[in-house]
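Inspection log for the structure reproduced underneath, given as structure tokens.
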């Protein structure tokens, strides 16, 4: 294999060979990383792609001695960086490389900055620690870098605390912090996963431009092939601790060899629904809906004068970034949140005033699927209890007949019947989401709100759950409000799309029209931010 | 920030008023007047005494009179020590109790804080287990047992340290301070361990390590502040506990502090003294709770800026 | 909920509930298991004391006086020649009773208060918790001393007074639990299924809030017993002829130079109980930690 031959001089920043890492616990030893080899070249981006548990992060952290040992244990291999094997260095020697020659950017900028320290102090820290510079010089350098990564007026914000910055700005600060010592290698661990799509696009652009300009080698870890499609030079695909395929970007995207890589590629949401439904009568009419939250003196206008229809039998996509009010709308329609003003008309009745028995009957007809499959199931109820509850509550089945229905429901959502007595914590995320879907469909509702139902799941699982939703939607004759931040996902399912921005509808259109002829500037920005633009270009 | 302090101070006023009122009426409705225990008091003398202390007035007049005196900082005369005012008694006893509480707090913070941090730095190792077992002993060994045991060991068998008094013989402050502080040392050890463990698992600690900072700098510069917030917030309640806990320790070591006066007053039904010390301690405790809340909030920039905005 | 159709599935796998999980974890914690064993022993002894005590409770032997442990008196005798083991056994009944009953009082008030505040939210919650905050700021030890003075040393009052102090933390914990759970999506799902508030509390909130409540209850008992010991030590708690560990310790402390066993054995009994409860509580906390279980 070509990458196993020794590093030749300068064309490689990092050469990892046969790296193996285990975790030793009382339960036994697990191989988290199994004999992997890859390289990073200066000025190039090597992307490691894998789903959760594939060992991609462990591999990177182990290079820098950032996994706790024990329970972690490096079993073998080499990691050559500037002629030295990182795995053989003492803790002190490694520390001198960390933050100086090799820097890191992490996933969640909200938690990665010390909330008790000003941004400036944190930024200067690596410089002050690794290089002999004065405080004034360090501060000057910090200001320059903040400017470079796109923080406006750095001089007035450098002494602010992290909570005074938005998520995207914090990630820019993290990048500045990583760059401050002009490292040779940058390890970026899912640096955009926690960000909104438009911010993600900006951060990816920033990373790519900075890396080109400085000829830094970048190791980019991600679960999402689409995200790296535009920026990666080399792609390494990992599954269950092993590398299943390595290649340059075009090879991987055009000519993937391994079935798992192909599966990942297929899971990238692409294209739209084959046929879009013709318009029919409205099942749900949302009229001038306002949902405000009291927060101190001022009300937060989460949803402000929103109107749209959901037609019977269609899938309506509700798209917006965090804080756009999309989840609030879903919950307002379902009467899970008190609304401030407006009407929600369901099947001809205004549901905003219903109470008691009428409300209970309404609830039978409309259900919700949540984002987080961990939080949406009661940890102390078995699958059986969770699925039987709605059936018994609404008198659809009696205690003696309910079991058969529960099992049918499990069949429908693709869960093995033998799991019927198990508890949520014994299932994977995807399986839990199936349980949650089963619970929502138990009463055979006419209308279901799916609130980001796949965004907490691994990509391959996402594709399965979307497929399941599509099938069940047909089978149960559902009308679906599909809420998501991800236009590419929505496009696959939705007949029509409503775009939200800061609590208001900015555009609504049929899916194809929206993608082909976006009217509003914000919609265009969203469309341009969909990761994997070059991929789509490749398709075309 | 000042709005926060001001509003908390305003909230403290009703609290104190409730304390004063409840205590006042509780004490007044108690069976057995202050002079009941005195044998064969001639009715005329008793009446004269009651008139002197205003006990013959209707209850509400006594109450308003008391509030009036209180607003001038006058806690009234002691019923049991003729000629001495409650203010004088508190002035005599409180400095001793405060000193004891302060030393105990230092013991608690010093031992507890260090033990907790040390345990948290290497969780689930011998270092951790030993520190936390010691803390467990501190929690489970009540001062009423620890005090006599320390006396037995260091005073009686080893004859190293004096076993009673306060400030009379050098070293007589050591055992009481340790006795009073040990339980709080244990609590603080557990609090700071939990706080540090929580912080050390945060992402920003990983960031600090990724910068290449040595571990001690990671701990001191990045972890300590967040990890100690729960401890700081606990200092107010701890102080309240130390003041109340000093009753027992002062009794064991025969220390002439406020706690002993209070217990004696309780036995003697010295109404004004009970009332006065309760009010005094309540004010102190409310103030200290406020203070530790403010410091804990100040340590958190997010809260600090919120206060600033309001 | 076994039904005919379910039993038909031959190879239905048995799930492990979080309670079973917790129990398995607790059993692996040696200290907690020891604590539990000691506790069960002490409770059994306390219940059976009138029948198994080696001597009568009031039985004196003035000629013997205070004697060190011997074959006849395993733990020695006090200055009246009363058997110390018997005294400790009877004292334990009171100490444990105070611990359990006062904790039950605290549990009842605290859980109800916290659950209502947490579920109602809004203004109700604000007022209720404001009250708790106010009470928190009061110097409670002082208040209990005051109560004991004013109303005499009444056992029932002692239970109530201590319970009245300890419920505050219980209420806070319960409220925090309920609030956290209310925001969980499974509770929203239950609302959207149309469950009544009562059913949501019963089926979804209580089973999930139980863990922390159990843990905290286990940790409240020792602090209550300690309070009782404090009061008795000061002479403001249990009154002779009744006795408790706190009272025995205070007698022992008076004569510790001459008769150290009079301090040591009651002290040992109290400490052992406190240890057991604390270890059990800690063990339960680790075992019931749902977050830890997921990792």
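Chains here go by letter, A, B and C, matching the order in which they are written, and residues are numbered from 1 within each.
In the analysis below, a contact is a pair of C-beta atoms (placed from the backbone, for glycine too) under 8 Å apart; a residue touches a chain by one contact, two chains touch by 3 or more.
The structure presented is a predicted model; accordingly, all values stated were derived computationally and were not measured.
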| item | value |
| --- | --- |
| Selected interface, A-B versus B-C, where C-beta contact pairs are more numerous | B-C |
| Furthest chain, CA centroid comparison against subunit A | B |
| Distance between chain centroids, defined by C-alpha means - subunit A, subunit C (Å) | 45 |
| Euclidean distance of C-alpha centroids - subunit B vs subunit C, Å | 24 |
| Euclidean distance of C-alpha centroids - subunit A vs subunit B, Å | 50 |
| Contacting residues of subunit C [partner subunit B, same complex] | 134, 136-143, 145-152, 222, 226, 229-230, 233-236, 246, 249-250, 252-253, 256-257, 260, 263, 267, 270-271, 274-275, 278-279 |
| Of all residues in subunit C, those that touch subunit A in their complex | 1, 3-6, 9, 11-19, 21, 184-186, 188-195, 199, 203-204, 207-208, 290, 293-294 |
| Of all residues in subunit B, those that touch subunit A in their complex | 202-204, 206-214, 217, 221-222, 225-226, 299-302, 305 |
| Subunit C contact footprint on subunit A (complex, rising order) | 331, 334, 336, 359-361, 363-364, 366-368, 370-372, 374-385, 388-390, 393-394, 399-400, 402-404, 407, 417-423, 425-426, 436, 439-440, 443 |
| Of subunit A, residues touching subunit B in the complex | 64, 66, 92, 95-100, 103-104, 106, 108, 111-117, 122, 125-126, 129-130, 161, 163-164, 174, 177 |
